[in-house]
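So that you can tell them apart, the chains are marked A, B and C in the order they are listed, and the count of residues begins at 1 in each.
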Amino acid sequence: MSAAAEKLAGAAEPPPRQQEMPFAVVEGEPQYTLPKDLYIPPDALEVFLDAFEGPLDLLLYLIRRQNLDILDIPLAEITAQYMEYIEMMRELRLELAAEYLVMAAMLAEIKSRMLLPRPAEEEEEGEDPRAELVRRLQEYERFKQAAEDLHRLPQLGRDVFPVQAEVPHKRAQRKPPDLDLKELLLALRDVLKRADMFSRHHVTREPLSLRERMTRVLETVRPDRFTDFHELFDVTEGRDGVVVTFMAILELLKQTLIEMVQAENFGPIHVKAATAHESQ
Amino acid sequence: MNPSEHLKQIVEAALLAAGRPLGLDALQALFDELERPHKNRLRQVLEELAADYEGRGIEVVEVASGWRIQVRKECSPWVSRLWEEKPGRYSRALMETLALIAYRQPITRGEIEEIRGVSVSSNIVRTLLEREWVRVVGHRDVPGRPALYGTTRQFLDYFGLKSLDDLPALAELKDLDSLEGELELPDPDRESVAVGSGEPPAQKPHEEA
Amino acid sequence: MNPSEHLKQIVEAALLAAGRPLGLDALQALFDELERPHKNRLRQVLEELAADYEGRGIEVVEVASGWRIQVRKECSPWVSRLWEEKPGRYSRALMETLALIAYRQPITRGEIEEIRGVSVSSNIVRTLLEREWVRVVGHRDVPGRPALYGTTRQFLDYFGLKSLDDLPALAELKDLDSLEGELELPDPDRESVAVGSGEPPAQKPHEEA
């Protein structure tokens, strides 16, 4: 890219603030008109054209360059200037985006319509031929402005820097899986079916509360010291609770999981977890 | 450590460690169910933290996806020297496309092109999608079923916005009625007079923007 | 902002933004030559910063390549959850083992293996113990003194049971075939109905098939 082209590209950088745009810079002097005898490398002009986001942008530039309001477009003048640009591009055999030519045609049409004297009856429906163009220019300019506003917002990594602290003691934890009760029950049913448990006499007669109570009693008793028999009962549970506990103790005795000791008749009964004979 | 007593420390550590904004749900998820703080309590802690950071090199800000700790703007000139390479700038075409999607979402590519008056390159759309600033939110029920684009929370986060409402206001469109009025007399003579007349333009000229 | 007055803020912001430890040279490089702080001054500021962070969620530490700000160890149990992996699923073998412990407690591993017809891996038992769903409640007085397993209160809490009697009786399990369709619907309402549907089997003896 030539130095001139770089300058032009620089001018095109966002946030877009279009100045009077020189076609080229010759010995430090910006050139605003294209000298007929001067050769400008086509790529430099391409860069110039790239500075515009299409025909609406070019038109806005031409209007704003003269400090004019969109609502008060000097159509003849602007059209002439627009055509000049287009001609220039053509002379340089630059490939022009089709949109630029469409706009040229539209401008020419508006101009011709405005030059024609308007019949009175047409006044009724009478939309100003420029209205559509003005609407589009206005709409485009809003978003051109919005893009600039957006660009000026603080951007992450450009204006705003996120922070991050090291976590040296990071423990890659893994949450334990969830388990659904129905899955558990289905698993049990399957294993019992497999083991043919339903058809044999392995199925316990006791309610599950008995088994649960056996576990609780085992949790309470210790192998290394005696526990008072009464401590195993919780009278606040009422008669049923006491019965279940008693049955649990009997079942544990039967399975020799606990031992019971009574030193004398009617003396206190003590319970301890069974210990292996070899460990005694 | 007791999490309820040291809630502020834990929240601070998490925000600093995360490297992304954390919402209230994400903050709650740090705690076991039994010790999980209420959202109001978390909000309060975040406010306390923001107050603690007064006069510090960092600040707590709320963006679309939650709270983020970032370098205070005043420190940016020095901090930015940590990186030799400056971040790339986005082209006007990209910013205009993004602005149209942000303000006019959901919008199709064709509708963007209509307003901009030029075609939108696939590169731009791809870049916006890759940056996760925009996403396809649906399809317009017309022939070809073109994709409708909308912005994402990442877009808001990137520009430090809490919601789309925080976007800079879009310039007012001039009332079409008044516009018609002003255009009433298409007098070719007036046009040539208008050139260079130096009338103060109704809208702020770009050069001053 | 005057860099010499706000040196601490700038150093804090830079350390947190860098994402890597910064040495004294790197910190000095943030400043223009004229405003560049002396290394001793930087050291002093780093010490001040470390003192400021007392009782906070973060700390300043010196490592081989310089200083860095990191999350305090005390906070890591909570902060680590930011990177928690998605929970997996329990194996069929684990569920069968747990169910047998629940219904046949107290039970030894050998007895479980007998019913299941396959060996029970130590992993499964360890997982159940770690989860605190089962515990060793005693030892059977046979050669080898195998551990007897029973379920815990945590087990009941996890499944929302008041007692094991809230579980369906074994006989009812047979009818799960008819329930299965319903049970497999991922509808929490239906599930709870299905589980609690049987009348309290508390004192009802389990029938033999």
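In this section, a contact is a pair of C-beta atoms (placed from the backbone, for glycine too) under 8 Å apart; a residue touches a chain by one contact, two chains touch by 3 or more.
If you're wondering where the values come from, they're calculated on a predicted model, not measured in any experiment.
Which chain, with its centre taken as the mean C-alpha position, is closest to the global C-alpha centre?
Nearest to the common C-alpha centre lies chain A.
Could you tell me which chain lies farthest from chain A when each chain's centre is the average position of its Cα atoms?
For chain A, the chain whose C-alpha mean is farthest off is C.
Could you put a whole-Å number on the gap between the CA centroids of chain A and chain C?
Once rounded, the distance between the two centres reads 27 Å.
So, what's the distance in Å between the C-alpha centres of chain C and chain B?
A distance of 37 Å separates the two centres.
Between chain A and chain B, what is the gap in Å from one C-alpha centre to the other?
Averaging C-alpha atoms per chain gives centres 13 Å apart.
Find every residue in chain A that makes contact with two or more other chains and list them.
161-167
For chain B, write out the residues touching at least two other chains, lowest number first.
In chain B, 13, 16-18, 58, 69, 71, 79 touch at least two other chains.
Going by the contact rule set out above, which residues of chain A touch chain B in the complex?
It comes out as residues 12-14, 16-19, 53-57, 60, 64, 66-77, 97, 99, 103, 114-115, 118, 127-131, 134-136, 138-151, 153-167.
Write out the stretch or stretches of chain B touching chain A in their complex.
13, 16-20, 58, 68-71, 73, 76, 79-80, 86-87, 89-93, 95-96, 98-100, 102-103, 115-119, 157-161, 167-168, 170-171, 173-174, 176, 179-180, 182-184, 186, 188, 191-192, 194-196, 198-199, 201-203, 205-207, 209
Touching chain C in the complex: which residues of chain A?
Touching chain C from chain A are residues 161-192, 194-195, 197-199, 201-209, 211-212, 214-215, 218-219, 221, 240, 255-257, 273-276.
Name, in rising order, each residue of chain B that touches chain C in their complex.
Touch residues, chain B against chain C: 1, 3, 6, 8-14, 16-18, 22, 26, 29-31, 55-58, 69, 71-72, 74-75, 77-79, 81-82.
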